[in-house]
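Right after this note come the structures.
Each of the two complexes below includes subunit A, the first together with subunit B, the second together with subunit C.
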Partner chain A sequence: MSWPGVQNVKPIDMKQFLAFVRKEFYHVFRDKKTLLLLFGLPVAQIVLFGFALTNEIKNSEVVICDYANDEASRRITGQIEASGNFSIRKHLRSHRDIEAAFQEGHTKLAIIFPARFNHDLLHLNKAQVQIIADASDPNTATTLTNFATSIIMDYQNELLEGRPLPFRIHTDLRMIYNPGLKGATNFVPGVIALVLLLVCVLMTSVSVVREKELGTMEILLVSPFSPVLVVLAKAIPYFFLSLLNLTVILLLSVTLLDMPIQGSLLLLYAVSALFILTALSLGLLISNSTDSQQSAMLMSLMGMLLPTLMFSGFMFPIENMPLPLRIISNIVPSKYYYIIVKSIMIKGLGFSAIWKETLVLAGMTAVLLAISIKKFKIRLA
Partner chain B sequence: MRTLVFLLQKEFRQIFRNKGILRLIIALPIIQLIVMPLAADYEVKNVNISVVDHDHSSYSRRLTDKIMASGYFKLNDYSPSFEEAFAEFQKDRSDLILEIPRHFEKDLVSQSSGSLFLAVNAINGTKASVGSAYLSRIIANFNSEIRLERITPARASETPVVDVTSLNWYNPFLNYPFFMVPGILVVLVTMVGSYMCALNIVKEKEVGTIEQINVTPVRKYHFILGKLIPFWVIGLFVFSVGLLGVGRLIYGIVPAGSLWLIYAFLAVYLIALLGIGLLISTYSATQQQAMSLAFFCMMIFILISGLFTPVDSMPAWARVVANCNPVTHFIQVMRMVVLKGSGFSDIKDQFMIVSAMAVFFNAWAIFNYKKTT
Partner chain C sequence: MFHPFNEYKTMKEVVIRTDKLTKRFGDFIATNEISFEVYAGEIFGFLGANGAGKTTAMKMLCGLSAPSSGAATIAGFDIYKQTEQIKRNIGYMSQKFSLYEDLTVLENINFFGGIYGLSNKQLKLKREELVETLGMQQEAKKLVGSLPLGWKQKLAFSVAIVHEPKIVFLDEPTGGVDPVTRRQFWDLIYAASDKGITIFVTTHYMDEAEYCNRISMMVDGVIKALDTPARLKEQFSAASMDEVFFELARGAKRKAD
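So, the complex of A and B:
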């Protein structure tokens, strides 16, 4: 393989190379605001995902429109309030006020009891309740409707009490890997993938392009030092910073969020190193294809980061997506890394379970590196 | 005033000169707005299930048929043993294992109780709880079917029944993109506006051209306004293309409320947002710094805005943070006005908060921008 720019150069001078790496480290550590992003963001994300963000639906406000106001309706209202999922915003006089309550924004659900509710229930053995959900958020609407329905069903079963049901099927349910149904188990691998990608792709591409924009690249290119190594020297600090970041995230998730690391830590670091290489080659590719920091940044942020969020599978299940998107998700490296981290960290599986994903990542790295070296220009435009 | 016109002329020329960036600013949000709502679907469907049937009875077959017919589940495999099903489970090919023990039917008939074993992959907590709730409901239905067949029908009608009917307003078909498109549009406009604005001034600093402006008699607020207005216009443009183009033509979303109200809010919101962008730029010396700061803020703004997870479910401290975030308010307003047709009186709180933010951040940015270095 002939690397452009390498042919006429003496064998790599290790000392020179290390001097360049040191220069890059100075660049990184000098800039406190960039360090905030590098280390502040993972911490902030762990705290947010660990303690603030949840898909569970809690504290939802309901309005009650009770035309019956009898024992049964009051009882059900009491149980809805006591369930912890709901808080009752107000009691409406008329169902005509429901629309206004929804439009005002806080109310998510309305429950209507018709007149003579208890009377019908006890004497006709049949009574109606109507639930109206604000389905502009479909997820919340279905969940809340289900909650409310099951509370009402519980009340109905209470009436049956004393009459044990025959022919009962008992279901023994076990939640595997995450018995507490903690959100953290799902997102920590995602946050790792996101942060590694961010640091490597964004930071590397911007820092290379910056030299182009400021004109210092020209100085480096005319120096006797091989241009390819100039760029590689830029990638090295971010490689180590990413590993450091990984350590920070793992420490935080173990201490703060009680996350387990079931599998081999060594294996986790080894595949993470591979993923970092993939991301770095992506960063180099972007930096070789653009010549302003703004476009490098737009490409890495909007072109890389959002797809990573979307298609790695930790925010939205991939199997729900339409077919074209499922196909696209296969070219997103973080998807494979996310599977690997989940397998090692949470399921405690060994290399035999993840060799396929590892191979894909290795292949991607090779291709990306080859393209970006091919595109590397030693002449200015 | 004339100074401002000249400054605006300069800014617009600089923006339109750089065709590459301009294309990215317009194209990226549009493409993402087309793609993201399709992907952002929380609805749990296609749960893969492995069935381990040790019983091979008519009941066990009826139960599995019933599960498959529900539409939520996809049969991954029939495994002869739990171990084999678990291997599929580890490879993520199945999300749920249903084990039907030997003598399930016999026990149910003769001892009046039977048991089933259900293992759920709970890494994704939402999927696990929703999927297992679906399955439990199907099993409960199956259970009452069996009961009805076994018990004399006379007794069944004696029990009091509450008939629950439910309605879904505003989105009767529970169409998820309907909910996501307004929110995602807000985020995209926010990202484009704040980044471009933050980077713009810093670029002048980095390249050195800001010195030339600093030595002219241009006033501080002239300079800030000159930077703010072009991105305000771009923000309005991107938003309009997103709402009236992508939202309407591709997703069929027609705002239920007043379009004027949405644009009035957008106008104020963009000022607040660009104020944050300007503030970031006054605090950074290089584009890399500005980008880092902007990204740090945006990531937190977006995550806590209620776009992906409901704000109501957050703990109290996080709700306070969410309320200090302009993105939260705009997403709320968009969802209220576009989907439910809320009017001005419903959103006046948000209007007031965002207006206050607009004044606060811009005043801070102007105060912090120094003409001397």
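So, the complex of A and C:
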């Protein structure tokens, strides 16, 4: 008994594969809500992190209590006002009014110049300024006092050009690479990592699991279309969407946040493509371990987004974490990607500076991909 | 369109042959040494209560589930070694409605035809033929999700045989469909059978059992009876297939799921 013409198994050709990819694009573009989320999300995040949630401080209100009212105190006050970070709310006559000023709620900082400030500075080489900060928001307080201190230091350096003054304390403000203390420089690489993860992990896992839920996965598995190709065809649209998303974020950060890309754009895209692959493999792994869209979504959010927020170093500095958490942070792929993007975008470094992180990321991708493809085959049995 | 009940094709070319096909899940034997043959072009009804092992057996035949032991050939190909050839020769329609609701009727035809490697010319012919047979000229460019269930089911069946397989497996294809649509659905089944496609169908509806050329009754993982509906009724001196079913299923020990 034989069926003519069907004995030879011909491999899946490009046309069959493209038919599948086209279908995946239909899914993506017909789901308007998801599409909106896909492209609205990076925009919203950039705007949020760039403006609303920024730790950059602009026009914080400050009160000045100037008992000296001499040249030095007026010059410093002028520079504080000119910095753009502060706006002077009012000049107080007495330090007794300071508490009242803080209690009004608008004042973040008070600067007190004692009497004979200029005189002390010039003749005793030693003068004091008191800075009082509203520490109910400790981060802002720290940043503001640093700012004010640096302005005073600047003035002092200007005044005492070249003269060594052993008793002066050098304040390290750690403003290298980001002299303007722009918040965006830290957030943009973080947002890129977050959005790419969200698109790739969440969307891929949901799209594979949806086929299982709908029952279409069975139909696909009964067809001669190989399961590995199913996965590949599903990954392709999200791969391109992610690159598009990356472009949107970069454009926004350059135009809206005035954040230039210091390093090679090509290198940035290349490592991003690698990170997208990492995320896609993670998405596949998740879709293999669950049959419902909801749990796929939960796993992606809890398993991917949270660690990215916590352990990539973008919200909380890893150096300050206790050792166990620092160890955990090493298995979070976004940590490496975050380091790479920061190096390329902000520091303008080349491949020689990031090859280690790239290698780790590539290794992770290879392992994840191998596991998820293997698991996918087992499910067929 | 309707054939007399017990006049099934006389050509006895075997397209499905199972020999003691068994599936175990741990200690539980879902399908216990079932052996049967299905002939080319016939409509073979695969009946049984919920949990009797029908779906498991069908999944093994389709290559969705690996048998624990036993042998089977589908369209002449070995179920263990020649799964790729089998896939090219079968169609499958699952219990769940399984077309893409966010694709149009034509896009669904293109997709499923496309993954079976139909050429553009073949796809064009198929699109025209399907739209014509189903009378969906108006709906061809509408999203499948907007169609009524009955139309979806008919479309799903047509798409399952779009690549003209030797055998099509239908897992409870008419669940939740009204009697008129079910009748129309069976018209499609008969048309496919006339073209030489073997139909392997599971159902809960005993009136549908009567439409089959031969039926097998599964109880607790084994095939308890296999014959034409007329002979089964004779054998169990029953007036209808309903009675035959009750007679056989009464002894079932497994609880329905």
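The criterion applied here is as follows: the second predicted complex is superposed on the first by the 243 of 381 C-alpha atoms of A that agree within 3 Å, B and C clash if a C-alpha of one lies under 4 Å from a C-alpha of the other, contacts with A are read in each partner's own complex, and residues count from 1 in each chain.
Rule of thumb we're sticking to: a residue touches a chain if its C-beta (ideal position, glycine included) is under 8 Å from a C-beta of that chain, and two chains touch if they have at least 3 such contacts.
These numbers were taken from a predicted model, which means no experiment stands behind them.
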item	value
First, second, both or neither for A:303, with subunit B first and subunit C second	first
Touching partner for A:225 - first (subunit B), second (subunit C), both, neither	second
Subunit B versus subunit C as contact partner of A:214, first or second or both or neither	both
Partner chain in contact with A:96 - subunit B first, subunit C second, else both or neither	neither
More subunit A residues in contact - subunit B or subunit C	B
First, second, both or neither for A:26, with subunit B first and subunit C second	second
Touched partner set for A:127, first subunit B, second subunit C, both or neither	first
Doubly contacted residues of subunit A, that is, touched by subunit B and again by subunit C	31, 214
Subunit B partner contacts - residues on subunit A that touch it in the complex	31, 33-34, 36-38, 40-41, 44-45, 48-49, 51-61, 102-105, 108, 121-122, 125-142, 145-146, 148-149, 152-153, 155-156, 159-160, 165-179, 181-183, 185-186, 198, 202-203, 206-207, 210, 213-214, 292-295, 297-299, 301-303, 306, 310-311, 315-317, 319-322, 325, 339, 342-343, 346-347, 349, 353
List of subunit A residues in touch with subunit C within their complex	1-3, 6-7, 9-10, 12-13, 15-16, 19-20, 22-23, 26-27, 30-31, 214-216, 218-225, 380-381
Contacting residues of subunit C [partner subunit A, same complex]	13-14, 62-66, 75-76, 84-85, 87-100, 102-103, 107, 110-112, 114-117, 143, 160, 166
In the complex with subunit A, residue positions of subunit B that touch it	18, 20-21, 24-25, 28-29, 32, 35-36, 38-46, 48, 89-92, 108-109, 112-129, 132-133, 136, 139-140, 142-143, 146-147, 150-151, 157-172, 174-176, 178-179, 191, 195-196, 199, 203, 206-207, 283-284, 286-289, 291-293, 295-296, 299-300, 303-304, 308-310, 312-315, 317-318, 321, 332, 335-336, 339-343, 346-347
